[in-house]
Every structure is written in C-alpha cells, then in structure tokens.
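Heads up, there are several structures right after this.
Next come two complexes, and both contain subunit A; in the first it sits with subunit B, in the second with subunit C.
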Partner chain A sequence: MADTASVVIIGGGIIGCSIAYNLAERGLRDVVLVERQFLAAGSTGRSGAGVRQQWGTEMNCRLARASIKIFEQLEEMLDYPRSIEFKQEGYLILAFTPAEARQFEANVRLQRSLGVPVTLMDARGAKEIVPHLVVDRVVAATFCPEDGHINPFLATDAYARAARRRGVDIRLWTEVTGILVNNGRVKGVHTNRGFIHCPVVVNAAGPYSQLVAAMAGVDIPVYSERHQILVTEPVQPMQGPMVISFHHGFYCQQTPHGSFIMGVGDPHEPKDFDVGHSWQFLEQVCARVRELLPGLLKLHLVRQWSGLYNITPDAQPILGGVPGLEGYWMAVGFSGHGFMLAPITGKIMAQLILGEQPEIDVSMLGLDRFERGELIREPSVV
Partner chain B sequence: MLTNPQEVIICRCEDVTLAEIRQLIREGYRSLDELKRLLRCGMGPCQGRTCLPLIAQELAAHGVPIAEQRWPTFRPPTKPVKLELFAREDDPDG
Partner chain C sequence: MRITEHPILDFERGPEITIYFEGRALRAYEGETIAAALHAAGIKVLSYSHRLGRPRGFFCAVGNCASCLVEVDGEANVRACITPVRDGMRISRQRGKGDLRVGT
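Take a look at the complex of A and B:
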C-alpha cells in the first residue's frame, strides 16, 4: 500500500512538534512528522531554553510575547500530566557601554509599547534583583519579570504527545534524504525507510534546514554555528532571573532543578555542523563568571556540550513558503532563539498552511526579504 | 530487600525511581536517550555509570534487546570539577 500523508513535517524539535500539534488541532488528518533521531535530539534539547520578550525588533517582541502567553498555560492546553518546569522569574539584561544603554532605552520604549512589562534601571537596581552580581561596570539594565526558563525536553514531549493523541504519526529514526518536486509542486519525500507521497512538506530541520531546503531546490541564506554550554551541580535556589550580557555574549540561569546553566558566544566558533566541545570554552565562560558572578566559581561543573544555531543575515527566522514552489513551507533560521518562539510559530505555520489568516502577519519574515534587501536586524542577541 | 518500585532508587544522583522509569516505558518510550532527557537519570555527576546499565536491563525486559540500545553521549568532565579551576588570572579574552 502506498504510504501517503497530507503533510510531512521534517524535524522533531520543538518547532516541528508545535507545527504538528497545531495542524492536527485544526482538524487536519494524516499528518506525519519524521525525525532522524529522537525528539529534541537537535538544537532544542541542547539549548539554554530561556524565554524572553525583551527584544530589539517589533516582530521578535510580538512573537516572543505571544509564545510566553501560550507557555504559561501549556500543560493545560496540551493536557500534559507533567510540569514543563516554567520558571518565570525574569531576565535581567546588562548594558556595559553608553551606546548599549541607549539601545536599551530604545528597546524598552518599543517593548513597553507592545505591552511587555519591562523596566530600565541603573546598576543599583540590578544589584537589588541579583544580589550576588558584580555591578561595578554595569551602565544600565533592563528587567522583565515574565521572562524565564522552561525544560526543553518536557515542552517538546508535551507538544508531541498532544499531537499524537490528535492523530499525528511521529516516526523516529526516519531521515529525509530527498524531496520530490514535479512541475513546481511537492509530490513527496524520500526517506531511509521508503517514499511518502504528500502534497505538502514543512522544513523544520533546525540547523540542517539549508540541507533540507536544497533537497527541494531552494537556496536559503543561513549557516549553522556551534554554541557551547555547560551545567553545574544543583544547589539551593539563589538566582531568580536569567542574567545576560550581549556585550560579553554571556548568559547564566539557575534552573528549578537547582543547577546553573551558562554559555558564552565565541565569534571564532566553527560555522559548520560540528557539535564537539572545547577546553577554551570553559576558560571563556569562567572568565565571565569571575567578572560578573564570582560566587558561582565554587560550583562544580557537571557537563559541557554544544549545539547549533541556524543563523540568518538579520537574526530573525524565515517563516513561510516559496513563490513558484507549491507545497513547500519552512520555519527555520531562528538564530539562537527558536525555542522561545515555538508556540506561536507552530500556530502561525499551521494557519498559513491551511490557508487561514495568521494570528500575526509574518509576511515580512518571508524568504523574499533577502532579495528585496529589506532587513531589520535584531540587535539583542548572544 | 526493597521490592516496591516506588522505593527502589535507580539513579542516585537525580533520585529517579524504578517506578518512574517503568511508567515511561509503559507510556511508550524505548530508549536510554529519551528516558534520560525526560527523567534526568544519567544527567547527574556520575553521568549514568550506575543507573544506565540498570535502565538498559529494564528496557530489555520490555522487549528492547541490549544490543539494539544506543548509549547516550558521554560528556566531559569525567568527574565534576570546580568552575574556579578554569578561571585563570589572565582573562583569555583580555
């Protein structure tokens, strides 16, 4: 019997699972999700899983805010028996130069105009929020108490289980090796376990999105880049918010489990598919800890690992289809912040695929923006 | 001897019981990688040296032969070390 699907979603990270759930929730049947390994094996399970609304572009603020509203009631919405461990104790973002402080003022004006409850403060204010923070060189800071951190495995599992209950066929250890396109229309996907006939395919392949796009003859301007991260032993709760510095490319959060996770960006990271790790990373991140949160140096390092960002020229995702190629959709290029945008992304993608009016107009995130050169660069990234 | 699976701790680092592991296997999870990510067994300081072989046996008892199981990736460091060990006096970034 021929293997057929209405839609094949490629990628079992939080983005693919959110799209699958939202399609099935809208009543679409015969949705298949294929994942080369197991769910959250890619960037999702390797991420810092911080969620924040404090962004520098209107689009990112709106997508993040809508997503946090969904995350706040995700267990209920998805009827998930466990907790996704949403720790909503804020993000404290630090500025170290006057230019950065001016950017923060502009960001806060934008964020507040969109309803984000953020406040701008001086070094003293930052110290009040995180007492063990060294603020000597801090010029300004912003704080939004609704931001936070979520367990990425459990959030992905919650979407996947809700999708399955609504009939989605999730196939693990199934790798897409080709996409059949005929006369400008998607006809199906080749996998290591056979061919699936389908008129619609969704590229949610995270850091491998450019490879999957190429299978459909689509060229997208993204590259993948390694980012490293570590986790410490668990200790008593002592830090509510995520502390983050764009200046240092550094972030540090205590999870509800008690462990601290932290990472630092390195401009010299390999821009390929390498997910190895380095000793240098440990030195770089610990230099930042010594400077900003020296009290944490006494903690034991338990593990280090890495994952990939899928980066676009403007650090905003590519959402939508491709003119002239019927049945091909993508939600890719999240540039290091795709976890927190997943709830609304899944909803919008399902609406677009089903020909409904999307909840947020994301036409400016289409692939054609790169040809038109209409890029609005997101300034607030690590 | 303890026989109540709710009292049998399989992962001592993260306090994961045999009952929790069996529950997820019943719900359909079939790999060490998935169980580790959902329950944290094997994510603690010993990185699963004690618990993963026990969980592998449990999976085998539920129809996943040991030979077909994939071992989760081992991450450095081998033993927990204090972060201050890496905080050099001279900042690597100046």
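Take a look at the complex of A and C:
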C-alpha cells in the first residue's frame, strides 16, 4: 500500500510540532511529521528555555510578541493538562558601553512602538530588580516583565499531543534520506523507513536544515554552531528575571524548579554538528558569574550540555517557500531563538501553506532576501 | 559506631572536637566528614525529599547526589559526605531546597 501524506513536516522540534498542530487545526488531514530521533531531541530540548520580546529588529519583536501572547494561554488553547512552566518574571538586559546603551535606546523606542512593555533604566534600577547583581560597570539596562522562562519539553509535548489528537501522524526515529523533486514539484520524501508520497514538504529540521534543503536542491546560507549551557542544583527562588549581557555573551536565569540555567557564547565554538562540551566552558561561566552574580558562586553544577544554533547572515529566520520549487516550504535559521518564536511561526507557516493570508506579513523573511542583499541584522543576540 | 580496623585502610584519627547537630553537642574527630560523625552518633536522617518530605540520608558518599545536603553555620546545600568537621561547627537538617541567601 502506498504511503501518502498531504504534507510531510521534517523535524520534531517545537517548530515542526507547532506547524503540524496549526495545519491540523485548520482542518488539513493526512499530515505526517517525521523526526530523526525523539521530540525536542535537537535544538529545542537543548535550548536555554528563555522567551523574550526585547529584540532589535521589528520582525523579531513582532514574531516574539505574538508568540508570547500565544504562550500565555497555550495550556488552554491546546487543552494541555500540565503547566508549561511559564515563569513570566522578565528579562533584564545589561549595557556595559555607551555604544551599547545607545543601541538599547533605539531598541526600546522600536519595542515600545510595537507594544512591548519595556523600560530603560540606569544601574540602580537594575540593582532594584536583581539585588545580587554587581552593577558597578553597568551603563544602562532594559527590562520587560512579560519575558521569562518556559519548559521547552513540555511546550513541545503540548503541541505534539494536540496535533496527534487532530490526526497528525508523528513518526519518531524516522530519518529523511532524500526528497523527490520532479519538474520543479515536490513528489515525496525518502526515509529510513520507506518512501512517503506527498505534494508538500516542510523543512523544520533546525540545525540540520541545510542538509534537508540540499536534498531538495535548495542552497540556504546558514550554518550550525555549538552553544554550551549548564544547569545547577535547585535553590529557593532568588532571581526573578533572566539576566543577559551581550557584552559578555552571558545569560543566567533561575527556572521555576529553582535550578539556574547559564550560558556563555564563544566565537571559537565549532561551526558544524558537534554537540559535545568542554571544561573551558565551565571556567568561562564561572568567570562571568564571579564578575556579575557572585552570590551564585556557591551553587553546585548538576549538568552541562550543548545545542546548535542554525545561523543566518542577519540572525533572522528564513520563512516561506522557494520560487520555482512547488511544494517546498521552510521555517529554519532561527539563529538561537527558534523556541520562543515557535507559536506564531507554526501559525504563519500553516497559513502560507494553505494559501491563506498570514497573520504577520513575513515576505521579507524569504530566502530571496539574501540575493537582494536586503538584510537588517538583528543586533541583540548572545 | 566507628570502624577501627580495616583490612586495607588505616584510620588516623585526629584530635577530639565538638560539633553541634540541631543544637545537640556531639563528639567528633578532626579528619572525618560530617556524615561520618553523624552516622557514628546514630543520626541517619540528614535531609528530606522536596516534594513528599521523605527522609534522606547518606547515599552516594562521594559528593555527587543531593541526599545528604545539610545546613552548616547558616550555609545551605553543604554535602555532609565530603565536608570535614570543624570544632564548634553547627549543623542542621535541610528542609526543602536550600536558600542561598541564608547567612549572607
């Protein structure tokens, strides 16, 4: 019997699960999602679990704000019996140079114009929000109380269960090995478990998106880069917001469970598919904690790991199709912030695939922007 | 109870000191860990599980697990199994997750 689907989504991270749910919610039948390993096994489950609206480009701000509004009522929308652990106690972003402070002023003007409730403050204001923060060298800070933390595993599970209930066939341990294209049209997907006939395929493969794109003959300007992260033992709640310093490439947040998640960006990280980790990373994190949050130095480390950013030249995602290749769609290149953009991404992708008017016009996030050189680079990335 | 003879290990016991567990004075010897001194005094419950409040005691003995976390002189999350005793040390059972702000 021929294995057929209306749409095959490649990737069981939160992006793929959100797209699957939104397609099924709009009544599309025979949607199949294939995942190489298990749900959230790639970048989603390895992420820092932060969600924020404080971005430096209009598009990222709009996608993030729309997503947070969906996250705020996700359990109800998806009829999920558990909490997704949305701790909405804000992001405090620190500037350490006058140039950075000027960028923050511009960011805040943009963010406020888009309805993001963000405030610009001095070092004293930052100290009031996080009393154990060392602010001696802080020049300015911005704070948005609606930002925060969400458990990526539970959020993915919520989307996956809702998608399954609406008829989506989620196939784990199913790896795509090829995409059949004939006369500029997608015809099907080869997997390690057989061929699936389908007129539409969606690349939601996260850090492996460039490999999947190449299977369809599409060249996308992205690369994957390792980012390391750690988690500590849990302690009583003591830090409401995520603290970020782009200057140090450092972020630190206390989860609802009480553990702290911390990471440091390193320009020398391998730019391939390596998800190992190093002791040097622990030294780098400890140096930043000693400098900025010395009150946390007594925390014991529980675990370290790493995940991959799928990075585009402007640190904004690639959403949409490819001219001349009918039936191929992609939601890739999220550059380290795909988890937090997943709710609206899934909705917009479903609308695009079904030929509806998307809730937010994302035509400027198409692949063709790189050829035209119309890049607006996102400045606020760790 | 303390082991005094062992086929492959030698116990070089340091001078006798006094430690306090939940306010009660106990005899201990320099060079031994908090867990060893408490175990010798018959104290086997060191902390409680976070959710159900069940007793937790000496378990991994190498500082890896969270079973023996106690509060020492106001500091939370001290691993009794690898922390040496000190004269006059005040130890108490930890209830719930430790509070890093205690003692600061």
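Here is the rule we go by: the second predicted complex is superposed on the first by the 382 of 382 C-alpha atoms of A that agree within 3 Å, B and C clash if a C-alpha of one lies under 4 Å from a C-alpha of the other, contacts with A are read in each partner's own complex, and residues count from 1 in each chain.
As a convention for this text, a residue touches a chain if its C-beta (ideal position, glycine included) is under 8 Å from a C-beta of that chain, and two chains touch if they have at least 3 such contacts.
Keep in mind the model is a prediction, meaning the values are calculated, not measured.
Enquirer: Between subunit B (first) and subunit C (second), which, if any, makes contact with A:258: first, second, both or neither?
Expert: second
Enquirer: Touching A:295 in the superposition: subunit B (first), subunit C (second), both, neither?
Expert: Second partner only, subunit C.
Enquirer: Under the stated touch criterion, which partner chain does A:233 make contact with: subunit B (first), subunit C (second), both, or neither?
Expert: both
Enquirer: Name the chain, either subunit B or subunit C, that contacts more residues of subunit A.
Expert: Higher number of touched subunit A residues: B.
Enquirer: Once chain A of both complexes is superposed, is A:304 in touch with subunit B (first), subunit C (second), both, or neither?
Expert: The first partner, subunit B, only.
Enquirer: Pick one for A:284: touches subunit B only (first), subunit C only (second), both, or neither.
Expert: Touch partner of A:284: subunit B, not subunit C.
Enquirer: Looking at the overlay, does A:2 come into contact with subunit B only (first), subunit C only (second), both, or neither?
Expert: So A:2 meets neither subunit B nor subunit C here.
Enquirer: Looking at subunit A, which of its residues have contacts with both subunit B and subunit C?
Expert: 233, 296, 298-300.
Enquirer: Would you pull the subunit A residues touching subunit B in the complex into a rising list?
Expert: Spelled out, the residues of subunit A in touch with subunit B are 37-41, 45, 153-154, 157, 231-233, 257, 277, 280, 282-287, 289-291, 296-305.
Enquirer: Hey, which residues of subunit B end up touching subunit A in the complex?
Expert: Counting only subunit B, the residues touching subunit A are 31, 33-34, 37-38, 40, 43-45, 47, 73, 75-77, 80-84, 86-88, 91-93.
Enquirer: So in the complex, the part of subunit A that touches subunit C is made up of which residues?
Expert: 233-236, 238, 258, 295-296, 298-300
Enquirer: Applying the document's contact rule, which stretches of subunit C touch subunit A when the two form their complex?
Expert: Contact set of subunit C toward subunit A: 50, 66, 75-77, 79, 96-101, 104.
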